[in-house]
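Inspection log for the structure reproduced underneath, given as structure tokens.
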Amino acid sequence: MSVDISAETPPAADGHEFWRRFRRSRAGVLGLCLVVLLVAVALAAPLLAPRDPQTTSMAALNHPGTPGHPLGTDNLGRDIYSGVLWGSRVSLTVGVCAAATAVLLGVLIGSLAGFYGGWTDAVLGRITELFQVIPRFVLALLVVALFGSGLWKLIAVIGILSWPQAARVVRGQVMALRGAAYVDAARVLGLRNARIIFSEILPNVLAPVVVIGTLDVAGAILLEASLGFFGLGDPNLMSWGMMLNNAQAHLREAWWMSVFPGVGISLAVLGFNLLGDGLNDAANPRLDV
Amino acid sequence: MSASGPLLLIEDLHTHIPTPRGVVRAVDGVSLSLAPGASAGLVGESGSGKTMTGFSILRLFPTQAARIVRGRITLAGRELLSLTEEEMRRVRGGEVAMIFQDPTTYLDPVLPVGQQVAEAYAVRHGWEQARAKAVEALALVGLPDPGETYRRFPHELSGGMRQRAVIAMAIVCRPALLIADEPSTALDVTIQAQVLDVLGRLRREMGMALLLITHDLGVVAEICETVHVMYAGRIIESAPAEVLFASPGHPYTQGLLAATLGIDEARPITRVLEGAVPDLARLPRGCRFHPRCPAVMQRCRVEDPPAFRLGEDHIVECWLHASGAAP
Amino acid sequence: MILEARDLTKRFPWGRTFTGVRAWVRAVEGVSLGVAEGDTLALVGESGSGKTTVGRMLAGLETPTSGEVHYRGQALSALAGESRREFRYGVQMVFQDSQASLNPRKTVARILEVALSVRGVPAGARRDAAADLLVEVGLEPPGVFLGRFPHQLSGGQRQRINVARALAVDPAVIIADEPVSALDLSVRAQILVLMQRLQQQRRVGYLFISHDLAVVRSVARRVVVMYLGRIVEEGPTEAVFGRPVHPYTEALLSATPVPNPRLARLRRRIILPGDVPSPVAPPPGCAFHPRCPVAVEICRREFPPPVHAGEGHTALCHLGARRVPHIKSPTASRNLRTASM
């Protein structure tokens, strides 16, 4: 070799380089904007919302543009605008917390399977496959129907049903890295396995995990909305899914009841998906000449 | 082509690679000539530009960005740089062939090796005699039972056999010049010996000239008649092998030789060249070796040294040999 | 001996057949060797010789199928608690690939601090200790290097960091697996000089694993030559290089390029035919016989006996007695089988 140009291009470990590549992905930047917007709306909901989304009034089924109700009201006179704003909190909370649960479980199970291999891997692998083949939505429906709903139950159910993908990716990566020379060096130094996994291996697996976590948020938001749509959301909180559920009976006379929460769901899911793709492209740059 | 003229003549070759960090001057004014049937070694460490020089001759670059910006390359009297891409394709594998360090990359895993060798021939001369020529080439590189080897797939061969199959592909059209880039570096010592033996035999039996690109001075000593030492894009010393090894003129060559260990004597390493090859995008001012040179003088820091002639074919780019300077 | 291999054997499973019977890769068969304090023992062989596996077993990275690694006279499998930890400090490793052996996400400071923490250096003193290590391996001023990531260093600098990490726990033995093979010539010399200086200063023993006989000649006091998982010859460097007994050793020496064109042209070269056979099915008798230029009938059938060729110099070859003129009878050498191995 005479001129090793690749050696001069630092790996994704370099934050600046990562950001430079991420900015080149238009979809990723758009996703980031949507996610930032969603977070801002969720944080500022109490300030932005003109009224309590649960408060009913006599002004039932008002059209959008009605004074005081920019997006109209539902069949019980609740303000849709306020409902959409407050609903973002539920979606974001469930989405982020459930994805975090899924990633945590996935990383744990995946790194155990990948690091130890053998029987551990065989058993955990079968369990992962089992969770992958059961229809998530049906099982979630069943669990919520049996044990009742609530914000934290939703998070737990969605989280527990969503870990396999993270587990599979982490397992593969850990398996590839456990034979790396720097892991051997850590072993020779006598580091304990837990320390080797957490401090030597996992930091190098972070990039794909972040990507999967981001995509998991989108999936969890969608799943939460679907459960809400079937009337299995947290009954005490105004969520987009529940608003859709209410809207079912009034699809013909009050389109605004379904459209605005629907747009909220779509933008949130789109945002996290685009962000995930953008991060993925930035973490795994394809050869661009 | 005149009988006495050189087969390959490179004059003032410059190959640059634009990168975000600046222009990498991978080859920065290289000149060398090679007589028909002769063997020369192009020696250097990584970053010396030796591989890029080899690629420049065939205009085959690992990166699209690489550009030959100046110079002349003449093969048997023909100006290569003025050839079209189509004409160049006929030169590659025809008059000039090249083999590389990792043989597996150049073999198609789903075709029998013999067929691949035959194809290299058929591209130019048709399929009529291709099979016979391929078997002949496989025999020439010393593969046992060439008829049988013809039918075997690359994964069925060992590393050493694969490298010989690649050599067979390269020589099946009987090139006048073979450029071998680290042909034995990835191989075990005993297999390296086989490959070097094959290269030597091909030269004798086919009258083929050899340009060997390597970092290994031991390999050069074994099979090269002349040696060109490259450093940071330039040939800083050229000499017949025996002269270069016996009385190296450039402090870099001296350092390399001091660092090259032999098996015939337990020689402790006494002199060590400190530092590393400079960034080819940010070459130092003056002589490019001066930051590492143990004999650096004031002049070296400001002025690029010209070529000084020490013997008939012994040329050194170093101010130490300017008349009036110390030895 | 600080670190010893006693009759180490390592077999890896190699696929399964339908009947459930596995084939085995015989990576290492009955290897015994020892590294003394402040000494350098070279382990030489080509790919497939098992030299790396021997190194990994000695470092505790692989468990032997049979045989034992002994550290300061105690069997590794019997070490527990404090003495196990002492072995961990006592034996370190430096790998061939300087980049792959450093965690790409960690700075030099972090890499060294982790190693220092293992040895119990208090957190507050680690940064200074790391800087001292950098100075010791010739990376000065240390402040420049502490904050760097591995990809921001050159190959030679990275290999110095690897040496520094090994030194951080103050080992008695460093197993260096092809430590300079991937480095450029001038950098290679720098690292070899560094390793020699450290040995003099710290009395550290090296097991120097390499395929490069020229490097081995300049660094090792004793040499062990392996072929297909077994030791075929061992002895003082001067004796093995100067009067090789085993035809394989002789061929290796003859195949190593000589950096001297005059000598190179005069030299008689032995070119071995073929390649190293598969360690799944090593040839019967002497494993080297299919490539051996002087093999006779008995080599195909019987495992060769050890031949004593001088002080601490032994080879396993049927023709050994004939190849070492001063040895009279093969029976004399046969008695050495237990003594030398």
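Each chain gets a letter, A, B and C, in the order it is written, and its residues are counted from 1.
Here is the rule we use: contacts are C-beta pairs under 8 Å (C-beta built on N, C-alpha and C of every residue); 3 or more make two chains touch, one makes a residue touch a chain.
On a predicted model such as this, the values are computed, not experimentally measured, just so you know.
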{"item": "Central chain of the complex, centres being mean CA coordinates", "value": "C"}
{"item": "Most remote chain, CA-based centroid, reference being chain B", "value": "A"}
{"item": "Gap in Å, rounded to a whole number, between the CA centres of chain C and chain B", "value": "32"}
{"item": "Chain A-chain C separation of Cα centroids, rounded to whole Å", "value": "50"}
{"item": "CA centroid of chain A to CA centroid of chain B, Å", "value": "55"}
{"item": "Residues of chain A whose C-beta touches two or more other chains", "value": "none"}
{"item": "Overlap residues in chain B, where contacts from two or more other chains coincide", "value": "46"}
{"item": "Multi-partner residues of chain C (each touching 2 or more other chains)", "value": "none"}
{"item": "In the complex with chain A, residue positions of chain C that touch it", "value": "56, 59-61, 85, 88-89, 91-93, 95, 97, 100-106, 114-115, 118, 149, 151-152, 162, 165, 169"}
{"item": "Contact set on chain A toward chain C in their complex", "value": "7, 10-11, 13, 180-182, 184-191, 199-200, 203-204"}
{"item": "Complex interface listing, chain B residues touching chain C", "value": "45-46, 144, 158-161, 188-194, 196-197, 215-222, 241-242, 245-246, 255-269, 272-274, 276-277"}
{"item": "Footprint of chain B on chain C - complex, ascending", "value": "46-47, 154, 156, 184-190, 192-193, 196, 211, 213-215, 217-218, 237-238, 241, 251-264, 269, 271-276, 291"}
